[in-house]
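Please read the structure below before turning to the comments.
Every chain is named by a letter (A, B, C and D) in the order it is written, and numbering of its residues begins at 1.
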Amino acid sequence: MTKITVLNKPKLKNPILIEGLPGVGNIGRVAVGYMIEELGAKKFAELRSKWFFPFVMLQDSYQVHLVKNEFHYCKAKKKGQRDLILLIGDCQSLAPQGHYEVCNEILDFAKSFGCKEVITLGGLATGELEKEPEAIGALTHKEDLKKYKGTGINFTAGERVGYIVGAAGLLLGLGKERGIRGLCILGETSGFPIVTDPKAAEVVLKSLMKILNIRLDMSKLKQRVKEMEKFIKRVENLQRKALMEISKEAKAPTKGKEQLRYIG
Amino acid sequence: MTKITVLNKPKLKNPILIEGLPGVGNIGRVAVGYMIEELGAKKFAELRSKWFFPFVMLQDSYQVHLVKNEFHYCKAKKKGQRDLILLIGDCQSLAPQGHYEVCNEILDFAKSFGCKEVITLGGLATGELEKEPEAIGALTHKEDLKKYKGTGINFTAGERVGYIVGAAGLLLGLGKERGIRGLCILGETSGFPIVTDPKAAEVVLKSLMKILNIRLDMSKLKQRVKEMEKFIKRVENLQRKALMEISKEAKAPTKGKEQLRYIG
Amino acid sequence: MTKITVLNKPKLKNPILIEGLPGVGNIGRVAVGYMIEELGAKKFAELRSKWFFPFVMLQDSYQVHLVKNEFHYCKAKKKGQRDLILLIGDCQSLAPQGHYEVCNEILDFAKSFGCKEVITLGGLATGELEKEPEAIGALTHKEDLKKYKGTGINFTAGERVGYIVGAAGLLLGLGKERGIRGLCILGETSGFPIVTDPKAAEVVLKSLMKILNIRLDMSKLKQRVKEMEKFIKRVENLQRKALMEISKEAKAPTKGKEQLRYIG
Amino acid sequence: MTKITVLNKPKLKNPILIEGLPGVGNIGRVAVGYMIEELGAKKFAELRSKWFFPFVMLQDSYQVHLVKNEFHYCKAKKKGQRDLILLIGDCQSLAPQGHYEVCNEILDFAKSFGCKEVITLGGLATGELEKEPEAIGALTHKEDLKKYKGTGINFTAGERVGYIVGAAGLLLGLGKERGIRGLCILGETSGFPIVTDPKAAEVVLKSLMKILNIRLDMSKLKQRVKEMEKFIKRVENLQRKALMEISKEAKAPTKGKEQLRYIG
């Protein structure tokens, strides 16, 4: 069961879906979270799923809420801008088949608002300290390449990437089947033991702003990341587990004795 | 398949559901088990699920029963008290999606008796020996905070907590969606390799007694824990595995040779 | 999907179901396999399930068959004996919820032949070399204890056992709900890294023969085990994995670097 | 959800299905990939499944596609040849029950084109460097043995094999139930940490050519493998994880402290 609760139904015109769920470096989470705050976007729907961790999270020290994803919207404010659906949340699916189900629900929901385009944000773990992280791009439709000229996105790094995991990838792959065009922007970051990387988030955000024709004051980003940190720490734990779950590897057979008396 | 077998259908008036399934320190299990004995509560329903371990447990040395959860009830005995539904059991769900299914069934069942409030009990693993363990609280509804003044529950520890796993958390999160108000009381305990902690259970129980306006003779708690110990040992093994299952982490790729000849 | 293919439908009178699927020490597998050969039992149905390993097995060096369980029957030959349904197979379910589904199918199928009694066979891993292994018993119905006096089964070892995993346990637990009475006989064996233990199988078989009022020439058991060995080796690999799967434990978070470039 | 998208519906006469999905040594993948190129086979259908990894893959450096399997066909060009359905892809199912579902879909689809025969290709990991790798065979129908005389396939190695995992095995086992005759050809290869083995692929391919009465210029195989290498590296990572997933083993209980504060 994956369920979307609609809080209010905004009228949107040809909106773009921007995904910023937790992931490597929490780059998407930080970038979309910052956009929501700076643009004054409004929450209009929540998604819950049995494929998420069986957890409630604490906010404001003692109040709980079930882990969830949230849809926010923001209407175009001037010519050259677009209506936006901003997707943010506590976690992604835990099981592979859950990713398919949740991403299908997200796309169907976005499509019901006339959405025909999706941009997903994520991190590319390089295993090295990135002094000047780049924004790496991937596309569903080859012919869209020219559209993103001058946005600072490097589209030549595919060989280093190989594949894109979770919502950042599936929203593109499953969207393509529905005729939704997709772009993924990945910020280079040091990688695995996940640490929030505001520098990589900034690089991703700068390219995104160019695409969306939006101007944000980036000076508050680092400060905001510090403020978000408590929340992000928890999210990181969840996300780390979910990613690990997907990429878990087998072990050699255990040689030692099993403590437990085991029967059957 | 998750199935509740009703043994008899008591008439209850505005009952509170109290959850004491196995968990960290078995604090909820011990506390609710003690309440059932001391209050003379009566079993009225059993829950079984394919999401539980595929195990039967042995009782009385040679008789088996399928792992299950049990509902007991206890009617208010004097003014200021409430009818109670006490939930206890051998284990929780093994798979994340099972937690959602089982907790949904529990809440629907409790609601069919007019239940609009739930209190879950659990442990907070601190990693340290707790000399004076505290009762830590979390809520679904902020405005309920004043209701619990003077019960000895510390509602300022949320940052240390982060999230609440399994039934103790999900009954709150999923209950909130049904309009069921929830409180979780966690006893501080040393933590992971699970050991039953009667001291933490006592702290939780004392706060709970104040809320429920019930008086129990606590002097027998430690002795009862000793008596329960054999059963609890088995439950601990099951529960440890279930919790581990939820929190399991990935491993680095195996370098060694695989013994097994493997084809495909 | 769990599917039973009926090859022919024997007329059975009040049959007992005897389960001998692979497990600790392969005690049930060896014991029931030997009974089938010695009694000349006939295969009448096969069970396949998506919950089994996605494997085919090789027999006769180059012919494959999908992993499966098999039902054989054997009619009573003299007074005091009973019709038997003998359950044997390549493996058990891999996932916990699959165990519930497969065992439910087995019980429904047996019940359709009028079966009201089940005996499951298994091993109790003691972690020590057992010089004189005992047969340990567990029951669904306390009052059946007297029925098994004089069969050499020790019904006082429950505390050492704790719980019974997989088909040997679930056929009892789920059977009880359908009014099917159950007995489980466990042979003490050294344990985990599974090795076929003909000595423990013999102890279990001796008690079973007394219950069923059947006489078998045990002298060929060890020799037969040697002949079965090639097949059993493969079955052991499958079974070891399935048991491990059920009892797998969490690991500490990986500290090392992840080789793989990972994005999302 | 497992879904086959038909791009165009060729008319085929009594076609043989040849499976070459990723696996040990990527032998099937390389062999069928080479056949598709050399024979000029045409893609006519794609299969996607929630049981695959939740990944998109990158091709041409920046374009993504959802992981998938592909059906290609190739009509008989001269007498003595047969119409072929060639199955290739990015990955196999991740979960055991997914293997059953995906292979059932593949067989139903092939049968809708009149297919009554399947040949699966795979690798046999021997753990040793194979100087002169052999092609090892397994069959669904014993009587087909004579048909494969003189094809260089060794049908006496079953004891070394034991079982065949994934699509290479299940297409045979599940096909047999539908009256589809099957042959599996395994190339001996060094094994686990998966490396593409063109030498073993060549051995398998040579036997296959004899069966299909097709002549291919093998001189380009090694060169082609080099060209495929970039793609194959990614596929290997996915495949390694999927195989590991199936064969994963339990670990001993963790003794160390859990860093995470854990509650519930």
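Miscellaneous remarks
Definition applied: a contact is a pair of C-beta atoms (placed from the backbone, for glycine too) under 8 Å apart; a residue touches a chain by one contact, two chains touch by 3 or more.
Just so we're clear, the structure is a prediction, and the values are computed from it rather than from any experiment.
Each chain's centre was taken as the mean of its CA atoms, and the one lying most distant from subunit C is A. The angle of the rotation carrying subunit B onto subunit C, fitted on C-alpha atoms and rounded to the nearest 5, is 90°.
Counting the residue numbers used at the interface between subunit A and subunit D, under half appear in both copies, so the two copies meet with largely different residues.
Separating the CA-averaged centres of subunit A and subunit D is a span of 34 Å. In terms of their C-alpha centroids, the spacing between subunit A and subunit C amounts to 47 Å. In subunit B, the positions touching at least two other chains are 161-166, 169, 237, 244, 247-254, 258, 260. Subunit A meets subunit B in the complex at residues 1, 48, 50-67, 94-95, 98, 230, 233-234, 237-238, 241, 244-245, 247-253, 260.
Considering their complex, residues 93, 96-97, 99-101, 103, 137-142, 145, 155-159, 161-166, 169-170, 172-174, 176-177, 182, 184, 237, 246-254, 256, 258-260 of subunit A touch subunit D.
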